[in-house]
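So that you can tell them apart, the chains are marked A, B, C and D in the order they are listed, and the count of residues begins at 1 in each.
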Amino acid sequence: MTGKSSGAHQGSGAGRAHRAATWSTAITATTDERVFVRGVALDEAIGRESFPAMLLRLWRGDAVTDNEAELLDACLVASIDHGPLSPSALVTRTIASTRAAPMSGLAGGILAFGELHGAVVSRAMRILAGAPADGDLDAWADGVFERERAAERRLPGIGHRWHHHDLRAERLLEVASARSDGRHEAAVRALAARVSRHAGTSIPVNIDGALAVALTALRLDPAYGDFLFAIARSFGLAAHFVEEQARERPMRMIDPTAAEYDGAVVPGLELQEADE
Amino acid sequence: MTGKSSGAHQGSGAGRAHRAATWSTAITATTDERVFVRGVALDEAIGRESFPAMLLRLWRGDAVTDNEAELLDACLVASIDHGPLSPSALVTRTIASTRAAPMSGLAGGILAFGELHGAVVSRAMRILAGAPADGDLDAWADGVFERERAAERRLPGIGHRWHHHDLRAERLLEVASARSDGRHEAAVRALAARVSRHAGTSIPVNIDGALAVALTALRLDPAYGDFLFAIARSFGLAAHFVEEQARERPMRMIDPTAAEYDGAVVPGLELQEADE
Amino acid sequence: MTGKSSGAHQGSGAGRAHRAATWSTAITATTDERVFVRGVALDEAIGRESFPAMLLRLWRGDAVTDNEAELLDACLVASIDHGPLSPSALVTRTIASTRAAPMSGLAGGILAFGELHGAVVSRAMRILAGAPADGDLDAWADGVFERERAAERRLPGIGHRWHHHDLRAERLLEVASARSDGRHEAAVRALAARVSRHAGTSIPVNIDGALAVALTALRLDPAYGDFLFAIARSFGLAAHFVEEQARERPMRMIDPTAAEYDGAVVPGLELQEADE
Amino acid sequence: MTGKSSGAHQGSGAGRAHRAATWSTAITATTDERVFVRGVALDEAIGRESFPAMLLRLWRGDAVTDNEAELLDACLVASIDHGPLSPSALVTRTIASTRAAPMSGLAGGILAFGELHGAVVSRAMRILAGAPADGDLDAWADGVFERERAAERRLPGIGHRWHHHDLRAERLLEVASARSDGRHEAAVRALAARVSRHAGTSIPVNIDGALAVALTALRLDPAYGDFLFAIARSFGLAAHFVEEQARERPMRMIDPTAAEYDGAVVPGLELQEADE
């Protein structure tokens, strides 16, 4: 065989079957001078359209109201960091300590977003999408609860291993309720009530559940739920990477439970310390 | 040996040497109810502090002005996407086509940010940090140009393989100049002039160079330059992942040059088409 | 709050709940001079125990026969590469073309092993583990076929998009049958027969199915199935990374269907070319 | 603009500039029935050619002797695992604990191979490639030592943070010396002598250095050095992933220094324990 005339895969039918075809994208077009995202020139948007508005346009493809952009902004703020005990932050710090490249630390941390940490917002959104517009939310919550239990899946959006009550989630639900009809908040609260009844104690909506309510109100494809959380949190991962390399010696052993906070004063923490 | 009393690594000195020590972080503290980022409770920031302001606080650790938050917002908008021809977008789409998990597509795309694509903002910031406050910028630019050339490194922030003239960069420099003393813009323009003289044609400042000017004006640690670009672009990667799975069949062969744009109308493109 | 005495997470119960506990591992122990894998000193194994034998010991934890090591060796050879059209190879090459780091190219390629490419051997092993030792394999195959179909899952181990008939799979089954009782080969062939009946044409066992038979015969935990394939293939990904950086210019557009083979002579290919 | 006739990037010169061209690969060719790696049909190699022989053929492109295959086999054995204290194993375990996908755990662990852990064999090979065939190795070692020191780079291949003396390295050098002319072993020992003189104590060749000697003797492109180590170690990472999910509860806090070994008996360890 000579290399000149033959492809890397030879064969009668197969060759044609996997020939690359023309394909289409509706996201971005570029010219020699400009980049158009969903039809908007970035050079015109820079300094004029807010980032949350541009992001919602990118992900949803249609025009965005100020109200909507503010709600997405709130979702980004809510997700930005959760401290050094998160598996993702630990992975990023461990990679940073080997003096590997920044992108390695970032990608590694993102890979720690699994079914139990981070990557559950999309699933919560898909569940909420099934909530009846006019109907018995308690009956719906019963059904969801039984179905997830039968499948041995953890119900997403409810409860947290550390936070008995998570003020981020409460506040984000409040911000979302001012910008939507409240239907998805009612649905997630019905799920929390169902779980609480089962547990015999009050189990709150967590940050994943609140994000799912907000992003559903914003009419985003549920596929974006995990991306929103993971990418917003990536800004936090970057902070852990940079701090690790700036403050710690290379190749150290990181005991996550031995971390002490020595940053800006947090008044509430002193009181709690006194309680112990 | 019994497992009860012995560590996974045995030895006289070595055992002590790599015992995990208490360590400190100034980024985030959590309580049972709250998450404090740089001393600010996220539940209080949600819906009140803009995301770019919160991000600058996270990365810089001190208080942020509205002017500064607006400049960081503009940097995020400028980086959000660059279409399906970028190596990172192609990697994300190829992974999406195998029906691998969203986080795999995101992490894979990020790993394509290398020395020639994406991961050059930090290096540009480190170069700009060396520009003299009061001094001969042309002499400084000569020195930088010769040093990078001797080291066989590509000078970051200048020129682009597709954009002869990039309006995003020009616009971002304009927004940055309104919020800073112009010193770093002058420095990057001196570099572009030096490169242009060498090339015998006008080579513009590119988006990496404009980002480096803006982020330096914001007093960010240069280590954050590549993270800012990569994470902002990750929102675009998510759009490519979702579109790929929604519109295309699994395991297709993706010829990047066979992509056609079929999204929202972009008026300028028609004219250009007629020119061809 | 002062950082001196408080942890990064404060709280009554929570603090205790997530304190790191002593934990155990049965894989590897190290001393100042030696590394013991499953109780075997690597310095003694080097040059004396073959790599496939050591690998099977590492993954299975008990002693290994020569016959078993030879079968695992055959599995590694069968998986080593599949050319530049594989999504994983394309991802690795695209990352290589940006001049990103070797580990980025490798990790990126691995992330392309999804449900439709590579990461299906474990699932096939779990299905084969359910085949009856003494019983009606056709009835079992009917049941598996219907169950996977109802769940809208692709049955792993059967059929290939390019290879109508895959000699690697046939040969690996042959090698495996000489080293096992043939029960799992019979099971996978029953599945292929069931699929063929449904399709109205002969659909062969593919390389994933053959690997599942061999690795099940080796008594490996099914969790190792995807790892075996992915890591063996990683050696191929490395070859694509190195060739890409050695032969191609940076940041090129890679059309996977435009690849031509120009390596060592492959006699069979000439005939086929003449057929077209 | 209509999507029908325009590409995703419009422009006079640019469009042509980044059109995908035909390209060549010498690694692998596929037909409908077969896969040929470096001209060898995998179906013929399975069960006949050993994996290390096939791997060396894949990476080097030419025929392989038994002696060579045995040396590469020894390199794979030497690299297979190093226990739970390695940053890469910790990353893989942390990701496993979130119940993320196996490929995520594997890719994440690989990303922890940085300049200080794992990814130094290629650099050591490049240094050894410069050793004079007939000349003063001590003078060469002096030069290398001073150059790396001036560049503030750690000299690869010499010394280890835990192992004062590493029997794996000694044994691998012994196996390599029986299969080569000893020139590269002499070179790495000259480097170790130079470092020892500087440190005022004996610093041994480490496993990276021994791998560099062996892989150089095998005439491999230095680019493969880091890949060999990282991929061989990936088999160990898989063992940590599987053990973590089998033995530990999800989302645990992993203190790397709290690991206890409870595997197969390792006689030497008891004595050492008694010494403490």
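Operating definition for what follows: a contact is a pair of C-beta atoms (placed from the backbone, for glycine too) under 8 Å apart; a residue touches a chain by one contact, two chains touch by 3 or more.
Owing to the predicted nature of the structure, the values given are computational and were not obtained by experimental measurement.
With B-C and A-B as the two chain pairs, more C-beta contacts join A-B. Mean C-alpha positions place subunit A and subunit B at a centre distance of 19 Å. Taking each chain's centre as the average of its CA atoms, subunit B and subunit C sit 34 Å apart. Shared contact sites, meaning residues of subunit D that touch two or more other chains, fall at 1, 3, 8-12, 14, 18-20, 24-25, 28-32, 83-85, 100-101, 103-104, 107-108, 111, 113-114, 119, 161-162, 253-263, 265-266, 269, 272. If each chain is drawn as a node and touching chains are joined, the picture has every node linked to every other.
Contacts from subunit C toward subunit D in the complex involve residues 18-47, 49-52, 54-55, 58-59, 61, 70, 73-74, 76-78, 80-85, 101-104, 106-108, 110-111, 113-114, 119, 122, 162-168, 170-172, 174-175, 221, 223-224, 226-227, 230-232, 234-236, 238-243, 245-248, 252-255, 258-266, 268-269, 272.
On subunit C, the positions that touch subunit B within their shared complex are 1, 3, 8-14, 24-25, 28-32, 85, 87, 90-91, 94-95, 97-101, 104-105, 107-108, 111-119, 161, 250-251, 253-258. Subunit A contributes residues 1-12, 14-15, 17-20, 83-85, 100-101, 103-104, 107, 161-162, 255-263, 265-267, 269-270, 272-273, 275-276 to its touches with subunit C in the complex.
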